[in-house]
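Shown below is the structure under consideration.
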Amino acid sequence: MKSLAGQDVLTAGQFKPSVCEQLFKEARAMRTLVDEHGSLDRLGSRVLINLFYEPSTRTSASFAAAMLRLGGKVFPINEIKTSSVAKGETLEDTIKTLEQYADVIVLRHPEAGSAQRAAAAADIPIINAGDGAGEHPTQALLDLFTIIEEKGGPDGLSITLLGDLKHGRTVHSLARLLSNYDVRLNLVSPKTLGLPKAVRDDLSVSVTEHDSLESALPDTDVLYVTRVQRERFAKKADYDKVKGSYVVSPESLVKAKDDLIVLHPLPRVDEIDARMDADPRAAYFREVRNGLYVRMALLALVLG
Amino acid sequence: MKSLAGQDVLTAGQFKPSVCEQLFKEARAMRTLVDEHGSLDRLGSRVLINLFYEPSTRTSASFAAAMLRLGGKVFPINEIKTSSVAKGETLEDTIKTLEQYADVIVLRHPEAGSAQRAAAAADIPIINAGDGAGEHPTQALLDLFTIIEEKGGPDGLSITLLGDLKHGRTVHSLARLLSNYDVRLNLVSPKTLGLPKAVRDDLSVSVTEHDSLESALPDTDVLYVTRVQRERFAKKADYDKVKGSYVVSPESLVKAKDDLIVLHPLPRVDEIDARMDADPRAAYFREVRNGLYVRMALLALVLG
Amino acid sequence: MKSLAGQDVLTAGQFKPSVCEQLFKEARAMRTLVDEHGSLDRLGSRVLINLFYEPSTRTSASFAAAMLRLGGKVFPINEIKTSSVAKGETLEDTIKTLEQYADVIVLRHPEAGSAQRAAAAADIPIINAGDGAGEHPTQALLDLFTIIEEKGGPDGLSITLLGDLKHGRTVHSLARLLSNYDVRLNLVSPKTLGLPKAVRDDLSVSVTEHDSLESALPDTDVLYVTRVQRERFAKKADYDKVKGSYVVSPESLVKAKDDLIVLHPLPRVDEIDARMDADPRAAYFREVRNGLYVRMALLALVLG
């Protein structure tokens, strides 16, 4: 098994089951240690730079908290667009400059492929925290970890992906990651927002398409919800016609399994009714918490 | 006496004299420790998130310094308005996400009542660092602490509130907090900018209104200055007529007591003449320093 | 020799050779310690505030990393322009407020002389990280340190300053600093962008002006490159006529010494061809790294 030490984290595809197993074992250890001590003193001498070319409070805070709870040091760079660094300097030069100060760089950038470019320029590890239409591998990893922790899977599970499956790197990365396991995937989306052929062709598992959540629900162990945005429809009438079919609420889950779990990469707007929050099947905030443990594990292994 | 451990800090009204006594005793201990050691190692495993929906360098820096000098970790979130978190996500969801990463959230938000909403959503303590026209309890606490440290009060003191007493949560919170003690309050403001009836009705102490600082000054132990903003007047002529009456300078204090102190929540523009800074009675920068100790004490007790 | 302890760092002129010697000895010690341990635990109780009135990711990150690797604490303030602090508050008041929280303030401000004003107001040390057309002393210090580390100088070296020598505090500060040593300076710039007379008059070393890099190159040990910006020319035709003469590339260095080094304060746009990066003579990213060590040394000595 290839160790993560010193590696870049660029795509979900790097995470074969054996690497995931190593990572998730470490994540469980992190959960125990955080529960007991709040923080560890494991990366006390290391510096992480959070280099965010577009804002993402949630991802930035998650990586920062992970590094801080490992005892490490964090310097966030958020204002990159207005900074002189941005005035004509290449991403490669910015990376080659910042790596003189840091031990690892977490990069969010609007262009697909930017994380690869950064990694090629850098001598220190680069962690992709979202590169435009490209990938967001740590989100897929925390999704998978949550499925395992909540449902003991993923083998044998039936997982339903709901909403806009066309856009959104999160659902693409997750589908590819799940394809390494013995799962059944149900796809529920508006016709114009289905999973792209390129992603479907990569999947080596059983895939069923459904017109509605209702038909997929009886066989669903994990319901992964994403938002259907009005902006994706040419006509408001087309959006209005379908939007109700992609909202999760106590009513829409009447025929669901008792032990189903609902996941969402967040932020949510109204695709999950707030009344769901009190339902023990709503696992999306526990999913957020798992993001802390998975990112702690990843930083510890990459810098270990 | 109710302990502060695990509590939210939402309003000045929570701080009965016995709680203030506990808090201020801790603040004095913090002052001694900071003087001797610079920082402590008391909250080494804890993470504070500074969640600021509107910028406030001063308050943000004060809480951050307090947490850092307690040995704790700080992650500041300032760009919330432009972030994806802000795109349709409720305050409640943002809080429920960030509490997965942090042990305490300090919240500045433009809407009155937002701190209460955040506290209702959160399992971890929320500290209100200003919620629009609502409250800013830690400012009132550091004001009161300064009055006690500088003047040995507040019992028996005559305290003059000067300037715009209508707007500004700071002066309202302070007036309510002082109302728990045996003080005399003098109110000096333009007629249209007097203390709101709702606040006055809450006060159980002797209150006297004055037309001018001059008449209140001979009986003033503590002069609390706030700015009279031009924007509050319909006509510039009305503003010009009164503005000189609310400026504190060496000249305007000729008839003041020798041991009077001048306070101000800052930032100041021209309502306190810069020549006052060298006067030992100018206590406003010592007041800022006290903010560090009071916020250290508060964080230590809430997270203790 | 005057100690740096408790001193402000405002101009390159403060750094006489004996002070530089002390600073650079400390910087070398920092390099060894960082190589061995990543970080030290030397300033664990101290708080640095990075107060940036204009963005400068690179300088801000460099000072932050320096403080963090010394074990100290950092609070960055970047949003100063939009903050309430900026609404009419003087720089002096902002400084007198923030010094209640911090042990040292690193200041970047668009106005020349602002660092001096801040230092006059403050009781704690102020470090000038660029004050408009004024100075940027730590950049000049890290440039000099790099020349010494790379070339064993500066005594006896021939140093060529290339590009826009009129604007840019960096090259002015460096020229003045080099003037304390036995160096030869070659100036290569467009006629309208020569070194200002005020700076030249301060230089007590041999200075030669060249029309082109080609004529200066055979005698160059250190080539210090700065950008020639199109905006500095009234007519695009004038710019196009000269721009090629100020680009450093493998081709333009054919007649250079084998042990020449190329420096640049960065960011670069196209004045150094990216193919140079693989050339061992390209020292500009090592120069960035030296910035970390020099700023660590400076903070350690100032706060020591």
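As written, the chains take the letters A, B and C, and residue 1 is the first residue of each chain.
Heads up, the rule we're going with is that contacts are C-beta pairs under 8 Å (C-beta built on N, C-alpha and C of every residue); 3 or more make two chains touch, one makes a residue touch a chain.
Not measured: the values here are computed from a predicted model.
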item	value
Residue-number overlap at the chain B/chain C interface, same or different (half cut)	different
Chain A onto chain C, rotation angle from CA fit, given as a multiple of 5 degrees	120
Euclidean distance of C-alpha centroids - chain B vs chain C, Å	40
Numbers and ranges of chain A residues touching at least 2 other chains	76, 78-79
Chain C contact footprint on chain B (complex, rising order)	37-39, 55-58, 61-62, 64-65, 68-69, 74, 76, 78-79, 266-269, 274, 277, 285, 288-289, 291-292
Partner chain B, residues of chain C touching it in the complex	44-47, 49, 73, 75-80, 82-85, 87-90, 92-94, 96-98, 100-103
